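Chain nomenclature is as follows: A, B and C, assigned in order of appearance, with residue numbering initiated at 1 for each chain independently.
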Amino acid sequence: MSSDFRLKEQLPELTEQIVATYTPDDAINHLGHCPLPSYTAVVEILLDLKDVLYPGYRRKTGLHAGNVRYHVGSLIDSLHDQLTTQIARALRHEHRVQKKHMDCESDIDFEAKGQAMAIELLKRIPELRRILATDVQAAYDGDPACQTSDEVVFCYPGFEAITVYRIAHQLVKLHVPFIPRMMTEWAHKQTGIDIHPGATIGDHFFIDHGTGVVIGETCVIGRGVKLYQGVTLGALSFKTDDDGHLIRGTKRHPTIEDGVVVYANATILGGKTTIGKDSVIGSSVWITKSVGPRTTVVLEKPQLRVRSGQNDELVDELNFQI
Amino acid sequence: MSSDFRLKEQLPELTEQIVATYTPDDAINHLGHCPLPSYTAVVEILLDLKDVLYPGYRRKTGLHAGNVRYHVGSLIDSLHDQLTTQIARALRHEHRVQKKHMDCESDIDFEAKGQAMAIELLKRIPELRRILATDVQAAYDGDPACQTSDEVVFCYPGFEAITVYRIAHQLVKLHVPFIPRMMTEWAHKQTGIDIHPGATIGDHFFIDHGTGVVIGETCVIGRGVKLYQGVTLGALSFKTDDDGHLIRGTKRHPTIEDGVVVYANATILGGKTTIGKDSVIGSSVWITKSVGPRTTVVLEKPQLRVRSGQNDELVDELNFQI
Amino acid sequence: MSSDFRLKEQLPELTEQIVATYTPDDAINHLGHCPLPSYTAVVEILLDLKDVLYPGYRRKTGLHAGNVRYHVGSLIDSLHDQLTTQIARALRHEHRVQKKHMDCESDIDFEAKGQAMAIELLKRIPELRRILATDVQAAYDGDPACQTSDEVVFCYPGFEAITVYRIAHQLVKLHVPFIPRMMTEWAHKQTGIDIHPGATIGDHFFIDHGTGVVIGETCVIGRGVKLYQGVTLGALSFKTDDDGHLIRGTKRHPTIEDGVVVYANATILGGKTTIGKDSVIGSSVWITKSVGPRTTVVLEKPQLRVRSGQNDELVDELNFQI
């Protein structure tokens, strides 16, 4: 018994029916246009950058003072070429979308612009290393389960997400379109941590466990901030213009000042909400207004219904000290 | 110094001890049976289907009106063969489990059944494309951080999860066993979004950020619904029969009507719970009863303990406007 | 138009600037040291172990009583060698960190120690299979959407996370450093479930959906416990010593006794918090104190603000039965 190969004769017709749906005004095909940045190439760029930022940890071992120069020089050369190509693609795509062109032709030298942005990113690597070293220190200082800082670089998902965010944020500052979001969505997939590349985040930043953390585009986060899993720094609601379209680009997400700790699953919403310096927001707290510096906010007397024993008796919840 | 290779002489005995635990009534081996669907092949099927649904985005670039027909025709041909093989495996496996057979023999022509189901799925691709285009539009309309609809197709995890759900749900409707759940669990791994393939979901559906979203098997979701990260549409409790076994197949999960928005980390539970048309459920709300249409439900006066300053003074929580 | 290759002449200088930041006291390079365990090799070890634990499911199909011995024997041989090498690397690294040595030299025979630990882990495979079969049974018994136990082994993320945890926990008990955390962080990436390898967890354990679950290092979990997505078993706060450094190694996380069920997004905090036998903790509950056996704790009368209709009228929240 087997499948009937005469039935396959209908496949060409089926293909025609599918291809007929690929029309120019169909928003979910990308035919005949200039190529988008390649997802695979962008991921490769991130892996190469991590090899330069943290030499000796992951892909290439056996590096020492005598050979690291050749390894890094080769990576930088390749990063220059790949970044130039992919940034040029992103710039051409953005130009086409803005001008509503259907083809790739333009007088603009996107490759030259891409190259300048690529070199500028590479120049910022020493500064990125300086900041990322403070993030490693913050993770070691903040996690009692951490034995050595090597563990942080090697396998902490929070540090992975912050690394990718810090790279992508530099590209945002250089006005590179499209690629920063591709990068942070790749990190989101790896770690469950969704940091918008447009957010502003100070040094000594630590996210523990991390799954479910969302940091919105217009957040401003100070130095030495610590977040736990499930924390949302989000928008309260979205304003629309007179035609009912969303207004894009206003500050919709909160400000978190230096030294704040936000425990698991807390939710802080709104563009005018500020959590003052050195404050502590307890687990599962939901806040939409500002609090001053050195303030502790925790859940109090949760309204719980407690039944115990076989007779399903209701225990007075006010006397029940949870 | 090195490991002692004489110690390796005990490995064959160790192997024997392990193999001795592979007994026929042991539920965690799959020996001597007909093969299960291949996880690798099912993932490859999803990637090929995405290439047909959204030509030109990911794996194959440089497509245009002149060559897309050959590319898609080749994918459809390969999808026909792969789907036929994997669905036939799933059907044979289901048959064996239901009949409690230990071997693969049967009078049923599983390949012919698999082929008919495979062709039927491929016929539904134009309709899938129509619905998925509404989901892209909903994402663009609903996210102020989104610049172009290309971003949605390219890297939005919510759209990835919805795409895989919509494919898997068609297989559920065709009564294909096992494979739909493999597909949505793969998407769950990629995105942190767990949509059961049995759920019913209308068009213009958008999940933003998405990590931690759970949509249960018997949910019914209308058109134009928007969910944020951490939303659970779950069961209130599970009914058991007189023998204490779970009753499978009843409606255990809520109904969400057209146009509802559910903000981050809200929890809606129960098979009789209905959220009426155009209602808004606020962030972190927990609901187990129905609400009517055009209703807004938000957290009110959260019971918070607030201490500020060095002297650790308790601020009156009722006057504290968070 | 294209990029200007003369600009590439500045890349060697840029490389020099980056290499100059790789100093010995820089915590984020790993140069000239003995190699760390290889991430790729550790993942390969996990995949090989899963093939031995659950023969016939994933990578190698077509196994039967006549050939499984050769397949498993070959995997065990390779696992012995890989585990020996990687454990030796982890031991040497730990020794170097503790002694603050900068080089790899030592009188200790790390390979011999690694081999002994590797063989001991392999000896525990039959016992691991016995416990993991109880976890599969718990998943089938606890999930109404589950059709066959094969689904659990094949694609349940909770079972994936528990499998990796149980392997890693054996390595913790054998005092293998570094590698257990690499393993559970890999599982965290795959599943969104973060179980610290140091936690103690009884048999018949089931995690449904799972994204966002965090189980801390010093948790003690009994037999037959069931957790849903988003559950945190965490620390209440961290004690610091007189110098302000975290005290590591005290019991910071709760005890969950036999038969407890914890529903979605509940948070249980504190090293002195015990949830008594057969208790039920409802969805979204936040608990920092102990409860006795057979106790049910659910949210009661949530403080919600409900507005309905066009006139935005406030419905009395006490009368509103959500």
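The working rule: contacts are C-beta pairs under 8 Å (C-beta built on N, C-alpha and C of every residue); 3 or more make two chains touch, one makes a residue touch a chain.
Treat the numbers as computed from the prediction; the structure is a model and nothing was measured.
When you draw the chains as points and link the ones that touch, which shape shows up: line, ring, star, complete, or other?
If you draw each chain as a dot and join those that touch, every dot ends up joined to every other.
Between copies chain A and chain B, are the contact residues mostly the same numbers or mostly different, with half as the line?
Different-residue interface.
Between chain A and chain B, what is the separation of their C-alpha centroids in Å?
Taking the mean C-alpha position of each chain, the two centres sit 22 Å apart.
Identify all positions of chain B at which a residue touches two or more other chains, and write them in rising order.
As it turns out, chain B has residues touching two or more other chains at 192, 211-212, 230, 265, 284, 299, 302-303.
If you look only at chain A, which of its residues touch chain B in the complex?
Listed in rising order, the residues of chain A that touch chain B are 1-4, 7-8, 10-12, 14-22, 26-33, 35-36, 38-39, 93, 97, 177-178, 181-182, 185-186, 188-189, 192, 194, 196, 198, 211-212, 214, 216-217, 230, 232, 234-235, 238, 246-249, 252, 265, 267, 269, 284-289, 291-292, 294-303.
Which residues of chain C touch chain B once you look at their complex with the stated criterion?
52-58, 61-65, 68-69, 72-73, 76-77, 80, 84, 88, 109-112, 114-116, 119, 122-123, 125-126, 129-130, 132-133, 136-137, 141-145, 147-151, 153-157, 190-192, 209, 211-212, 228-230, 264-265, 283-284, 299, 302-310, 317, 321-322
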